[in-house]
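Each of the next two complexes has chain A plus one other chain: chain B in the first, chain C in the second.
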Partner chain A sequence: MAATMDLVGRAGAGPREAAAWSRRQVLMTNLRSIRGRAYPRVIGLVREPSWVLFEILLPFLGTSAFVFVYRALDAPPQYVGFVVLGGALTAFWLNVIWMMANQLYWEKSQGNLELYFAAPMHFMAILFGMAVGGMVMSSTRAATVLLIAGTVYGVAFSVDQWALLLGVFVLTLGALYGLGMVLASLFLVWGREAWHMGQMLTEPVYFVSGLNFPVARLGFVGALSVAVIPLATGLDAMRQLAFSDAAFPIGTPPPVVEVAILGAMTVISILGARWMLATMERRARRDGRLSVRWQ
Partner chain B sequence: MTAMAGPAATGIDGARFDPSRTEGRGLADTLRSFKVAVLLGWKLEANWTDPFLFFIYSVAKPLSSALILVVMLEVIGGPAGKAFRPFVIVGSALWAFVLNGVAGLAWSVLEDRERYRVLKYVYVSPADFLTVLVGRGVARIGVGLAGVVITLMVGVIALGVPFDIGRVDWPMLVAVSALGLASIIGLGLLMAGVCIQTRQESWSYPEAFAGALFLVTGAVFPLVVLPAPVQIVGLLTPLTWWIAGTRQALFPGGPGSVGGPGSAFASTFGHPDPSAGEIVLALLVTGTVVTLAAVAVFRLSDRRAKRTGLYDRTTGS
Partner chain C sequence: MPALAIEVRGVRRVYSSKKAPIVALDGIDLEVPTGEFFGLLGPNGAGKTTLIKILTTLLSPSSGTASVFGFDVEKDTKKIRRIMNMVAGGEQSGYGILSVREQLWMFTQFYGLAGAEGWRRVDELIEAVGLAEQRLQRVSTLSTGQRQKMNLARGLLNDPWILFLDEPTLGLDVAAARSLRELIVEWRAAVPGRTILLTTHYMAEADELCERIAIVDHGRILAIGSPDELKRRVQRESIFRIELDRLEGGAQALGRLPGVVSATAAAGNEADTDRQSVVMNLVLEDDGALGRVVGDLADRGSHILGLRKSEPTLEDVFVELVGRGFDEAGTDEPGPSAEAIA
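Up next, the complex of A and B:
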């Protein structure tokens, strides 16, 4: 009895009682798991200098190349602003693809995945923790890219509705990381194709999301992207709000409608992630793929 | 001495053993190691899925990059932007080689050391380590080839890039391709040398390096829009001349990336645009310097890694 109490830290007549957790205990454990999984990403901001350098440098270099393309074409200054805003958001997208979607594949390769499944918490807490840590990590990087590139390339923002812009940003993050959780569940059953799928979801998604140009230029493809890819929806809404004096091609909904789309995406993706995780976990257990490495 | 260690057990006939076998067979061994490394690299890259899916994965990235630039031209330049389509299509297509070559060699080191944990076994095998790495790099460049070809084909067939096969300067194309790809392998070797020394988070170093090169090589915009000191850095990079040479060979008379009025090239050499001979010569000189420097860096890195035990040290990524 005493040994059981020491081991699990709660009172009970025996192992059976000790294992019967109250709702509060479950909640607290899951919250601690979220904090624990977010911790390495937040603390990594200062403990791993190469992360800071390369995760700021990579989006900044890519952004700069496209800024110079517009400069070579004598484009209006707002287009340089579009590129800088898009470049800042790539920090989130890259984080979602490589540190959310691919994360469980890396964990499997390192042998950590079994520990996650064996630990007494809901796996969604791990995904939430990854998302929270990723958001903090990427926000600092996006802000730095925005600040540096905005200053270096002289971007002039013209914002009329700050509250709406902030709301769009928050909802974009929610929808992006919700999608990241869905993809993470999906990648649970994949082997090496996970890395290739990550590559597939980078440049092609940049293209259909209109990363460096107004997505309305893509016509039906652009409209479809706004409906299903949070990066496209959030970017288009933020561009409309941050460059309110710029002439936009007609074709995408106003920011308020895009806010509604982002809200729906957030809810659907989080619920979808929960369902997907359960389904994929079941399938991975059945096929014995949870602990298969290097396939 | 046990029987296990004797000549019969090792399969070596003691009476006829030729000591020179331990020194290898020179070029024949090198070529065999190279061939095996290329095959191994290809299988590692391609055997996880069926060829069609692999092909889709291989071409999606370069094709999308080219399409992004084409739409940017369309948005700003309208019909006038069409003149620049060959420029951006060639630059973004060729960049698939750079990404695969530069990142490929470094990732080979990281994958073998960190993920598959076989680098030490590869290192102690009779094959020369440098040859093995170059072979792996060539395999990656082979993977990039599909992206290059498809992007160029889509540019010509679907995007109306005016390509006339009769006007192609074939000798120049062959010369700049050979020299350019050798330079890419050299740059990849340089990154491999760096990644042998670095820790787990060096996965992104090659991409960051390639991203920096993307800015200064005139891949998708003319160098003249950059500040003069950055243009000079670009002129010292072999990839600048490789891309410029390939553009000139495929689309003679089209817009160039190196010169132009007010460019660093024009003010240094006194004429606005480089000739074909100047491009090949510049590529030869810069490529040779970069490749020799890369081999020297790699050898230094190799010696230090062996001394400090880095080949056997995984860092958990």
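Up next, the complex of A and C:
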């Protein structure tokens, strides 16, 4: 057994040499850390079947209710499509609130946070890993909802600009998960109130994001939410692009403008998260709050 | 290789709290040479974990400086994190849905191991810590001992030069604790320069493993030296192990007699429970004080069933330095001033 315990990957070198990493080593460690942190989420996808109920059936049922309302009201057929698209994107919002924003607080109580800080990667790599894993998780859910609801309710998509639609989708995720990173760092500072905050935010954001109706219908509030809530902006742009034949009052900026808003949101939120994490770490080291488990 | 693995100069750490500020470390000076197996002993709340958090870059000292292999804990955090690791008793890190193998691999990624190299390292370590049978089992289903073996494997993933072990055998049965200790010893011996800082509440464990030990209380180092040096320190007193059929007034009454330094119930009370006897450790200023104790016991109606002069143990050292035994170790009685033996 002694033979296995030496594990020397760098024979002859001492601790100071081992601590001198090249730029490449630093970069690779950060990239691999993203992969490492995304890993349990991807594994969880196949290992936790309960998500079928919570994240596919519930959004589907919620969507269905609105579909029937719109049909009863003789709304234009695209409204059914809007709702289905909104229902699909619910998966991402749930994921951001429950598995991004609240995550670090949970990791702290578990003792993981401490180990992450004690490891040599940049902490942003952990947040990116959480985001990437979350996107993979939610994308499968969103696609499933879209497929089932789209088929059941016979949604007819009409797309002219596929590339732009894809771009909007990617940027929406970027802005959404960037927001998740900011919330994660913020909630960590807030501690126990975080959970309640998550619960409080879930419903209102559903509403002002217009998951179940075009946000333009909200007038000023709609315009405001487009300006600050990535989900509202992304969804509005995607609706305009996925149902280009719809003759409904737009009232919100054209997709290209919304793309710019989303891009700016992504950049600002990632930089914001980075700044908040650095501040959080400095304060936590000063106040002794990186862990709750002290022995 | 740098001569010192750990260098701590005048470190204080004060936690703010609603009432009065808590002084967890009150001026610590410490040098641990590269390659040493060093132990920290001290009662609950002495400041051991606080010192470890500072050295592992998770906590800032309120004042003073500390370095690990010459890297400053405040300025060179990234460098220290590359070459150290830590394992705590009762650690519940990771994600329950992962298997042992998957969880360990995840942690290799945080240290930048390439994917395949990570799996290879994980399999080697799983073999080394004896978890081969559980390798595909979910982390959430491991027993405490298995869990702790996995935690140790995690701590070795990045091949650290210094390993911080905070009560690593907490809650383990005798066999599991022993096998963990063997692994730790073996790991350190495999490459010269590997350094370990251990905290434990098991005196025998510290005695067996550590080359040098610091006894801390109230955030101060009370004594530092090899286990033998520390024991010689209490040798000047006479230590007796005395077995009585019963004891009225308890250890406190004995402790108050002139010439008695301390009287405590022996830790591993091996006495026959049918006979309901009481085994006490008596630390006396000199053998002469024994007469008074025997006389006093007779007055109380206690019969002496056995009496043996004993060699001091680390526990005796601990009891003498930290106060009148574990129960009262939290009182504000000042210990002897820090006085290095070595």
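A few points about this structure:
One rule holds for everything that comes next: the second predicted complex is superposed on the first by the 274 of 295 C-alpha atoms of A that agree within 3 Å, B and C clash if a C-alpha of one lies under 4 Å from a C-alpha of the other, contacts with A are read in each partner's own complex, and residues count from 1 in each chain.
Operating definition for what follows: contacts are C-beta pairs under 8 Å (C-beta built on N, C-alpha and C of every residue); 3 or more make two chains touch, one makes a residue touch a chain.
Bear in mind that the values here come from a model prediction, so they are computed numbers and not experimental data.
In the superposed pair of complexes, A:R32 makes contact with chain C only, with no contact to chain B.
In the superposed pair of complexes, A:Q110 makes contact with chain B and with chain C alike.
When both complexes are overlaid on chain A, the residue A:F213 reaches chain B alone and has no touch with chain C.
Looking at the shared chain after the overlay, A:T202 reaches chain B, while chain C stays out of its contact range. In the superposition on chain A, A:S158 contacts neither chain B nor chain C.
Of the two partner chains, both chain B and chain C are touched by A:E48. In the superposition on chain A, chain A positions 48, 110, 294-295 are in contact with chain B in one complex as well as with chain C in the other. Taken in their complex, chain A has these residues touching chain B: 48, 50-51, 54-55, 57-58, 61-62, 64-66, 68-75, 79, 106, 109-110, 191-193, 196, 199-200, 202-204, 206-207, 210-214, 217-218, 294-295.
Put simply, chain C touches chain A in their complex at residues 1-2, 5, 13, 15-16, 34, 49-50, 53, 56-60, 69-71, 76, 78-86, 88-95, 97-98, 102, 105-115, 121, 124-125, 127-128, 156, 158-159, 161-162, 166-167, 170, 183, 186-187, 189-191, 193.
In the complex of the two chains, the chain A residues touching chain C come out as 1-2, 4-10, 14-16, 18-21, 25, 28-29, 32-33, 35-37, 39-40, 43-44, 47-48, 110-112, 114-121, 285-288, 290-291, 293-295. Only residues 48-49, 57, 60-62, 64-65, 67-69, 71-77, 81, 84, 88, 115-116, 198-199, 201-202, 204-205, 207-208, 211-212, 214-215, 219-222, 225-226, 316-317 of chain B touch chain A when the two sit together in their complex.
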